[in-house]
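Consider the two complexes below, in which subunit A is the common component and subunit B and subunit C are the respective partners.
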Partner chain A sequence: MALSIDVVQGDVHVTLVLSGDVDTKTAPDLLSQLTALELHALEQLRLNLAEVEFVSSAGLRAIVFAKQKMPHSSRLFLVSASPQIVDTITKTGLAQAVVIVDSEDEI
Partner chain B sequence: MDLERIDNLPTETIQGFRVRPGKPLPFGVSSVPGGLNFSVYTSAGTSCTLVLYSRSEEKPLAEIKVPDYYRIGDVYSIVVYDLDYEDVEYGFRIDGPFDPEQGHRFNQDNILMDPYARCLSGRDVWGVEPDWSNPYQYRSRIAFDDFDWEGDSPLEINDADLVIYELHVRSFTKSETSDVKFKGTYAGITEKIPYLKSLGVNAVELMPIFEFDEFENSRIHPDTGERLYNYWGYSTVAFFAPKAGFAASGKFGMQVDEFKQLVKELHKAGIEVILDVVFNHTAEGNELGPSISFKGLDNKIYYMLTPEGYYFNFSGTGNTLNCNNPVVRNLVLDCLRYWSAEYHIDGFRFDLASILGRDPWGAPLSNPPLLESLAFDPILSSCKLIAEAWDAGGLYQVGTFPAFGRWSEWNGKYRDTLRRFLKGDEGQVGEMAQRVQGSPDLYQWNGRSPATSINFVTCHDGFTLADLVSYNEKHNEANGEYNRDGGDDNHSWNCGAEGWTEDEWIRSLRLKQSMNAIGILMTSRGTPMLLMGDEFGRSQHGNNNAYCIDSPISWVDWSLLDSNQALFAFTQKIIDFRHKHPCLRVNQFDHPGSKHLPSCSFHGTTPWQVNWSNDSRQLAWLMSCNMDDNQDQLDAVYVATNTAHYATWFDLPGLPEEYCWHLRFNTGDINNPAQNSPSEFQDSGILVGERSIVVFSASLRET
Partner chain C sequence: MSNLIGGEEVAHIEALASMDNWEQFMEFASDQIDQAIPDQSQSYKLKLAYEELISNIIRATNKDLLAGTTPASLEILALKNVWDGHNVFVLRTQDTGPHFDPHFADRDSVDIDQPVHERQIGGLGLFLIQQSVDYVAYDWIDEKNTYDLCMKI
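Right, the complex of A and B next:
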């Protein structure tokens, strides 16, 4: 399933709205969208995963990569991730790099 | 100024891939700017082809024959650019002679796993039968180093302060009763960390987690039709890769992260991680076994071979890794360094370690270079090194294992003595006295310390504790070998009925015997080790060799935690007692003791007088030192054991004026074994019940 990524520029944050699967084939698209952002100066990044069923290890690594590029004080929110995605993030120890929220209203 | 490096550009193109000669070290695959460096060793191979796949694709993406001028010595290395790190899987074809008599088994048709592969795909989910027609079962993948350790490092707890808990990753939480989300996995253990912490153990020893094939020698039980597996995994496929089928995230290829997460969380809870490692043989079996990696890369180097080219079988499993060949020695060293540095592993327990001390022709070495290298390695300097100091070829080295001041040992003699003593065998008092003080008869003469001795009463191999007190004989029918497998020298006693019984008296005696075993274990010097579930009476229904059973026989039944709460509470309290009393953890045979008492003294029914005769069944010990935090304060523990079938009066040894005894444990009072009495013990002695132990500690009198 193809992946589409909409980039929404907020006041102090950027939101990437993903739709489709982030698998081995599409993860490079996510990575290139992320690297196109000014990550080193970005204080807040939101990834909206409401329309994503599956995130592969490559996709998760792209997320970790983004967080590592961002300032230490920054926050990376995963919004509306499915329980399966949250499970994978939790058991592989990536959860401490991100903040998991059900909706953007919680931020 | 942002300068681009100019020393890492491709020099040519092969089959559309930009490449350049690689670096021979490190072996395996490593990242270089813009590409991946592949390096593999073969001394007798005549050519090397790198086979690249896209993840999960059946057909190779490319087969790149490594130009001969890319070979330095016996190492082929190549950098390939523009590969998708996440997607690529790889293997090698090595050409060379097929001449078994000369030790060579090269076959270009085989695609071989990288012996340094750090992550594998292809067998990601436990128990899914593979497509046997697939010529390349274990595909090597790239592992990443981007795990966020949050400042974690190995804990470096003193050996003598450890309480080790041996567990099998799948068995620990596979049962529905485990109440965890990710059953039978690394993540499942992570969920159980609060339990381990509440029990009080500070190290887990994981049975093999290096990638193994659960289908190796798999068969169907002739009577029940159940599938039997290589369940324990004492047969390594890949020394650098965690078993994917043990990871809930294995199907996503994230076993590396999941395992690191387990280590990190255990460390946060103050619990070390020791790996049970199997270097004595591999999953490639003998001449009839599969060619997974070593056999096709350099058979003659990696295995011990007879003059006719057959495999020596000191491991009892088909082949024997040639560990004292310098190349193999480096592989072992690289492997342990990798797990220590990359996974923050705290220690290693070596299965059938005596094999590691044999020369390439099988003879025991007096000064084995591998064991010496491990003992003095700079990266492993804080790692625990624990030997199973025997092998299947008849070498038994408990007490004589070449230790180089570093190695400790599973003390099989402790296990056997404690078992015989518990069931009241004659002539055990003298040897038991040696065992509880850390086995100086085995370890003092060569300058080793009490913590050299890993004390245990049960381990994965043999009866569980509940079965040790419930069965006189093994009952291994479920293994499909007509009860012929497994040891017969169990030194077990069923307490009056074989197996499950409704008889309350027998059940009560079994409970008491279990407490006696754990009580003695936790009040002995040396490092105690518990088997998973023994703290609440886990049973394998009399199976003393469940190496092939993936069923509730092997899985921990957590409902027993409720039904055997008394045993759990006793275990928890006596572990806590051990942690609080430094005199039980003294790690010097010639320790001076405290101002008033020797470090370790033995007593009988009368203080300072032991009946050492053959029919004696009463032994008491008094251990003493100064308190860690107050050198003027005495720490003393007195343990009295009575393995006779009648109660016996023990007079208590005297204490300095300002101290008094407090009764802490009394298994004779089975409904209240953890007494932890707040008040001073008033009597001059105590009636120790039949087959019971009592434990006292000294405290300052309240003024």
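Right, the complex of A and C next:
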């Protein structure tokens, strides 16, 4: 399934609204979008995964890439991820690096 | 003696191990998994392991491919069997790429407590394969890398 990415610029954060699968084929598109952001100066990044059904290790590597480029004090929110995606993030130990929330209202 | 499970063939496809055929490989497995495994969590885990495996195979078989040469062939078989007292669904891959044994049983686990800023890229795919299925096995049979991904139904 193809991946579409909408970039929403907030006052102090950027939200990427993803729709589709983040797999080996599509993860480079996410990486390109992330690379285009000023990650080194971004204090808050939100990935809205409400319309994402599947995230493979290629997607996880893009998330790790973003967090590594962002300031140490920054926060990376994963919004509305499915239980299966949360399970993958948890079992790979990446839950320590992100904040998982059910909706943006919780932020 | 092989540690593969095998089983009765339900369906199969064969194509060149190329990203050009990515959707074909994914759609085949997704259809077969959805038919065989009703539990959504279990089917997701098998799709995840399969995606990681196919990605690794395509990357490995194309890594040293010379320009103008043909990629390796990749065959996928959907199998049903009884294993360890359970009905199981098996996705078997057979590729004609270079011999590569991932040594699943001997692999070091990914350090999931390592801070993200110290994480190295790589290793997650094989880790997720092992974590996601009930059983995974590799063997070199008839000059082909052969993997079984097994999930209890």
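Criterion: the second predicted complex is superposed on the first by the 107 of 107 C-alpha atoms of A that agree within 3 Å, B and C clash if a C-alpha of one lies under 4 Å from a C-alpha of the other, contacts with A are read in each partner's own complex, and residues count from 1 in each chain.
Please note the rule applied: a residue touches a chain if its C-beta (ideal position, glycine included) is under 8 Å from a C-beta of that chain, and two chains touch if they have at least 3 such contacts.
Source: prediction; values computed, not measured.
**Student:** Once the structures are superposed on A, label A:84 by its partner contacts, choosing first (subunit B), second (subunit C), both or neither.
**Tutor:** Touch partner of A:84: subunit C, not subunit B.
**Student:** After superposition on the shared chain, which partner residues are touched by A:28: those of subunit B (first), subunit C (second), both, or neither?
**Tutor:** first
**Student:** After the superposition on A, what does A:72 contact: first (subunit B), second (subunit C), both or neither?
**Tutor:** The answer is second: A:72 touches subunit C but not subunit B.
**Student:** Check the residue A:64 against both partner chains and state whether it touches subunit B (first), subunit C (second), both, or neither.
**Tutor:** both
**Student:** Going by the contact rule set out at the top, does A:56 touch subunit B (first), subunit C (second), both, or neither?
**Tutor:** A:56 contacts both subunit B and subunit C.
**Student:** So which positions on subunit A get touched by both subunit B and subunit C?
**Tutor:** In subunit A, positions 24, 56-58, 60-61, 64-65, 68, 87-88, 91-94, 96-97 sit in both the subunit B and subunit C interfaces.
**Student:** Help me check something: in the complex, which residues belonging to subunit C touch subunit A?
**Tutor:** Where subunit C meets subunit A, its residues are 19, 22-23, 26, 40-41, 44-45, 47-48, 51-52, 54-55, 58, 110-117, 119, 121, 124-125, 127-128, 131.
**Student:** Mind pulling up the subunit B residues that touch subunit A in the complex?
**Tutor:** 55, 84, 86-87, 144, 146-148, 150, 181-182, 185-187, 190, 248-249, 252-254, 257-258, 260-261, 264-265
**Student:** For subunit A, which residues are in contact with subunit B within the complex?
**Tutor:** 24, 27-28, 56-58, 60-61, 64-65, 68, 87-88, 90-94, 96-97
**Student:** Residues of subunit A touching subunit C in their complex?
**Tutor:** 23-25, 54, 56-58, 60-61, 64-65, 67-68, 72, 83-84, 87-88, 91-94, 96-97
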